[in-house]
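To keep things simple, chains are lettered A, B, C and D as they appear, and every chain counts its residues starting from 1.
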Amino acid sequence: QEPKTGGVINAVIQPEPPGLMLAMVQNGPVQMVSGNIFEGLLRYSPKLEPLPELAESWTVSEDAKTYTFKLKKGVTWHDGKPFTAADVLFSIEMLKQTHARARNNLVQVDKVEAPDDYTVVFTLKQPFGPFLGIFEVGSMPMVPKHLYDGTDWKTNPYNNAPVGTGPFMFKEWQKGSFIRMVKNPNYHEKGKPYLDEVYWQVIPDAAARSVAYETGKVDVLPGGSVENFDVPRLSKLKDTCVTGAGWEFFSPLAWLWLNNRQGPLADKRVRQAIMYAIDRDFAKDVIWNGLGKVATGPSASTIKYYTADVPKYPYDPAKAKALLKEAGYKGEKIRLLPLAYGETWQRWGEAVKQNLQDVGMTIETIATDVAGGNQKIGDWDYDIAFTYLYQYGDPALGVGRNYVSSAIAKGQVFNNVEGYSNPEIDKLFADGAVATPDSKRKEIYEKAQKILVEDVPVAWMLELQFPTIMRCKVKNLITTGIGVNDGFKDAWLDK
Amino acid sequence: MLSFVAQRVVKGVIVLLAIVVLNFFLIRLAPGDPAVVMAGEAGASDQIFVKQLREKFGLDKPLPEQLFIYVKGVVTLDLGFSFRQQAPVSKLILERLPATLLLTLTAFAISLMLGVLFGSFAARFAGTFLDTGITVFALIFYAMPIFWVALMGILLFSVTFDWLPSFGYETVGANLTGLAHAVDVAKHLIMPAMTLGLFFMATYTRMTRASMLEVKRLDFVKTARAKGLSDAVIQRRHVLRNALLPVVTLAGVHSGTLIGGAVITETVFAWPGIGRLMYDALLQRDYNLLLGVFVICSAMVLIFNLITDLVYRLVDPRIEFAS
Amino acid sequence: MTAPPAVSIKNLQIALPKGAERAFAVDGVSLDLRPGKIVCVVGESGSGKSMCAHALMGLLPDTVNVTSGEILFEGRDLLKLDDDGWRDLRGRRLAMIFQEPMTALNPLMRIGDQMAEMFEAHGLLTPRERRARALALAREVGLPDPERIVRAYPHQLSGGQRQRAMIAMALALEPAVLVADEPTTALDVTTQAQILKLIRNLQRNRNMAVMFITHDFGVVADIADQVVVLRHGKVVEEGPAASVFDEPQHDYTKALLAAVPSMDPPVREPLDDQARAVEVIGLDKTYVTSGGWFREDRRVDAAREVNFNILKGETLGLVGESGSGKSSVARLVMRLIEADRGTVRIGETDLTQLSGKALRTERHRIQMIFQDPFASLNPRRKIGHIIADGPIAAGIDPKVAFERARDLLKMVGLDAGALERYPHEFSGGQRQRIGIARALALEPEIIVADEAVSALDVSVQAQVLRLLEDLKARLGLSMLFITHDLRVAAQICDRIAVMQRGAIVELKPTAQLFAAPEHAYTRELLAAVPGRKERAPAA
Amino acid sequence: MKQFWKSMLRSPSGVIGLIILLLAIGIAVFGPMLFPNSPWRMVQRPFLPPFTLSTVPLGTDALGRDVFAGMIFGARVSLLVGLVSTLVALVVGVPIGAMAGYFGGKVDDALMRFTEFFQTIPSFALAIVLVAILQPSIYSIVASIAVVSWPPVARLVRGEVLSLRTREYVQAAVVTGQSNTWIILREILPNALSPVIVLASLMVATAILLESSLAFLGLGDPNLISWGYMVGAGRTVIRQAWWITVFPGVAILISVLGLNLIGEGLNDALNPRLSREGR
């Protein structure tokens, strides 16, 4: 089908982003909106293969230490200035200071050079397997040097009216109501974008979002914007299409932090007992309404080098009881910290509590709001705590950080919060990141997965799925592994 | 009278400063750290990043110094910079204030008008079926959670009948001006204002009723009857006015709290008001923004308290202004 | 000679609720009101006078019911009237002046507006005309500074001023029948004379039928055409004024007439050698009411350089026109309001210097009887408590205090059952007596009596005055006795101070004052005492 | 006292109110004993509509827990939160308002400014902050709700007292040398009672629902079930399963109705003009 041009789409954005300058703020909604205004050097297919965006092509040297990107010519910023390699160099310098994930991703980079206006060369200290996976717009957005260089970034007026190279230009933001972006007529991919305008509607209440969709006021409900319980009902509406695609790059995985440092949970058997005790199928079917997948281990199934060949923990309360007995657990009180992200997570917390109590554990739920919960986790002041994290396509980017002992530090809410420390795992992840070729990496990561699943440093629950609901007339919205985050570039309306 | 107002304003400013200081500490007593929250959202939580954030917001400075900086700002009408939204607090609040005032004042007017109306009916027909009916009716909107009433309203008027828009402040993208715009906003306003108004209505209904029954038995009502005034006029002019005092008091208290108290209504109807802003700021420990909202709310309440006291004086001439 | 009655009450019986002192407030009362005639209803306090009046207006309290009888007005039985019918009659054809001025006015409405409402109620005149009429009415009833008064609120007026406002309202539409429930009780004699003249004139000109309830026989003598004497809800005597005065038939009537105080002050021992009980030096008080946003403040000098003292065992009378500041002086002396300047000394204690607990313990030495009996009784407290609270607060055993309350009630002529009742269940005069009992309960050295007997019928009045005299003698009680009834003043006061516009214009021993008034105003007052022309009843 | 009960029992609204309240309290106290099953236990399939199975007469919630059991157990917490926090609010608010109104001047100023501090912060936000600081538990929740609910009481009482203290009967009490406490308690407050009763009987509902809002944010006492919690928890599935919110919602409504009826009866009983005759 030939794409048609023209039309306006109303999408929901939840929660309202705190800002739109992707280089400065990077939470989910910011990426979702600004991913259409800014661009990265690459995008990723649903299989997480790199695709060209601002970089037309790239080459990797034999030793896997030099990456050369050829930039696309004729790309202009929304204000008409040309986009060049100088912008890339500046962006990298800026992101190193403002974008924590980018900084981590760039630690392996020795230097970045621009031999000419349209070439950028990265030289690495050592080979880094996932290197080509760090150029997506959310991870490394390109910033206009001419507007930011030499200014106070924090108060730069363009933070409020961001200027990118993307298919859409920022037009207007009525705080608390909507964000409006309009077609970039000079977009470097000829003919794109097809849409004239996109409105991002801010509707803070989930039920109200469903209604807005039902009454035709919005056309796109990106993943996670309605309650799971509502998904089946909405899917059945006329002219409604649902897809779970578009999350491959992030692959959110939910698990329970288990505080490995102290108390009964320091015992591997108790942690295993927890895995057996929890009915994860129930959680998937009832709480997540059948969406998602029971996790088998530290890697989501969409992530590179995933293996299902690991020890299994089916729901088995009897076994859990036996293990507890074996470990000498005598009903010591265990504190459970649910995630205060709304009803689904609260219900899940209650279900898990019930599961654990059923096998004879004494559970006390600690109530806090999000900020208070973060503080407790950061202070290691918990026994069991809910979380879910993105995995960013490669175990070296999103998985290892949660298990290696170098990532243990007080005051942080991710990374190795559970206090698991295993030299073997440390080594495997260190090697895996720099190993070449791919087959070698695969071998290392599979081994790591087996060890981790045996040790149960945390209790993996579900690979979450956040389906995107939209009207069927919206075509081609999700074409890449990062989904709606840069989706409107290709989307068109079948009127 | 003018000097009374002037005095109250001066006092108000002092109270406001005290409130600022106390709130400053109160907010910080709550567990949670804005830097950690933000780091969490950004999907990265290494310590360098958190430290950077803390430095950026001045959270690394000792508390008294932070307080000093903040108070100094407030005195010069600068409410600081929102950590999370990266914008001046006063700008963020001012953006939302009109919508909030529109919603709350409308709701307030609705609740007061309906409340007093129903209350006087209930009093006039005390003990009858009508009285019971009004009581139950008012209590339903009061005791039923707001979100429930709101959602039922949406389902009925937006989904089933498609009469009223279900969310927002105006039709996005319609670019209406003048009267058309006003009508559009009014359409959006009806449901949230009614929801909120019906909630507060119960208090006024009950209060008016009780108070009127009390006043009804006073001697001057007999005088009024002896004049040959009609029942309606007696109720309105003699009974109601005298019964209004506690209603005015309560209205004063509510009018202020309404500003920050409409979180749920604003949420369900996606009304871009301050309640929502405050709620988010609170959950994210966006200290400056939260404090800013508190300061604005406090100022509003103080203003409303002053107005209440002046209205009191209008309603009850026996109350003298203390000087 | 007898025109057909405008109103004729036939065999009226009104039942009281359970727990009241008797079954029927009014029992078989019949009386006629004729156009152009004034019927004075007299009788002891609580005898059912007000009940008759209220029944005539259809304004009986909810808890009280008419059990039989009829009230005919223009051929219709008023008792069978529906709401609309009443509304049409009230105000326009039947008007009423209530007994208690403070509570009878809406505290939140300006006086002028309340007057104008009279016209509005019946859809007469334009708003502008109504206001003009209100002003004219205020002037007609002799309210001072009418422009200001119509803008004032009831609480800013003196008792007499309020009463005059009420009268103005009642007369506004020149009704066919006027029911006046002790309309001049709260007024000083000069104003009273004016009002009586006013009522008389209107009644003559408009051929109005008037039911005039009073216990002031001077007034009766001045204006009555017919007199009806009530006792315990029954008519005990009825007839033309002259015959009732000259040849009273019933013993009760005779007793009443005998109790009317005379204008001739008795001879009194001079008390010069006694110590000073109260000393008032240079009291000043100006009320300033803020006038609103842009209006000027309203200032009233309620006391200007007021000096006097009261000796031990002495009664100082304070007379003067309504609104002259008598109550204000009383309040200043009681320290219920703060003076702008000046000192009040009780014995050796400077009351104006005390505060807090010290003031509280000194307070029982000086007690007050309030002018407005209803307003000064807590509607939610039983009489027993109202009287006993003071002594209990002073540390007296509650049992004893209640015992004494019972005695006091008996002393003021109420039965013990009253202890268990609430203020609204009493008649005006009964409430007044409760106020007196309360003041006496603390056995004070000094009593400030603000119109303490003005609401009482003469027999009870005489009884109470005797009581006060007796206490005075027994306990060496001193008294500041505020009144506008110069007869009473003549009988009870050792000396009398005359007040006008906040200042004392003359202060002399009673006999001297009556014999040789110096100040023009004093002379005016004395001349206005009602019933002077009539043969002085035996003292 | 006897007379008080007599007149209370004479007013029909008072009787109905009392019956409702006693019933609710009875359920709160004895319900859990008769119904030993934990309301947290998942007993049936989720979203079972009401009146289909006799074992779970009111259906099940999102996790398959018995809504009826929740209602029974929830009564205890909800009534506790509602009644106790209202009571505390009254105990704090009435004296402060009375003193401010009675003494006027500096005392009034000081007390009102103090009140303003609590009154000016949006109550919901203040409650959240307080619960967060104190750590969520039934005690801290009750305390926080009380802290945010007393200012209106104080303001209301002050307003009434302000106008009552100029009445002559108050002056009469002053001249008989009664202490300020006595005057406030005996002369003024009884006459200011009627609006306070109304406010208090309404506050109970606010407290119950405020607890639910806190629970919604994860700041409820997670180990206790309450009506408010149930209402909040059913919120997101209102369109699929109305019964999860409606039943506890109706329970709240009926309790509040009962309390208001009691308030009405109380008002009548305390009003001497009505107490003699009834109506």
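The rule we apply is simple: a residue touches a chain if its C-beta (ideal position, glycine included) is under 8 Å from a C-beta of that chain, and two chains touch if they have at least 3 such contacts.
To keep track of the chains, here are their UniProt names: B, D = ABC transporter permease; C = ABC transporter ATP-binding protein.
Treat the numbers as computed from the prediction; the structure is a model and nothing was measured.
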Computed over C-alpha atoms, the centroid farthest from that of chain C is that of chain A
The distance between the C-alpha centres of chain A and chain B, rounded to whole Å, is 38
Averaging C-alpha coordinates per chain, one finds the centres of chain B and chain D separated by a number of Å equal to 21
Rounded to the nearest Å, the gap between Cα centres of chain A and chain C is 87
Separation of the C-alpha centres, chain A versus chain D, in whole Å, is 45
Touching two or more other chains in chain C are residues 155
Residues of chain A that touch two or more other chains sit at 207, 368-372
Where chain B touches two or more other chains simultaneously, the residues are 30-32, 147, 151, 155, 283, 316, 318
A full list of chain pairs that touch reads A-B, A-D, B-C, B-D, C-D
Seen from chain B, its contact residues with chain A in the complex are 30-34, 36-50, 52, 56, 84-87, 92, 95-96, 99, 147, 151, 154-155, 158-159, 162, 165-170, 172-173, 266-273, 276-277, 280, 283-285
Touching chain B in the complex, chain C uses residues 57, 59, 83, 86-92, 95-96, 98, 100, 103-109, 117-118, 120-122, 153, 155-156, 166, 169, 289-293, 374
The chain A residues in contact with chain D across the complex are 206-207, 210, 227, 229-230, 233, 286-287, 338, 340, 342-344, 346-347, 349-351, 353-354, 364-373
So, in the complex, the side of chain B touching chain C is made of residues 1-2, 4, 218-220, 222-231, 233, 237-238, 241-242, 315-318, 320-321
Chain D residues touching chain A in their complex are 40-42, 46, 62-64, 128, 132, 136, 216-223, 233, 235-240
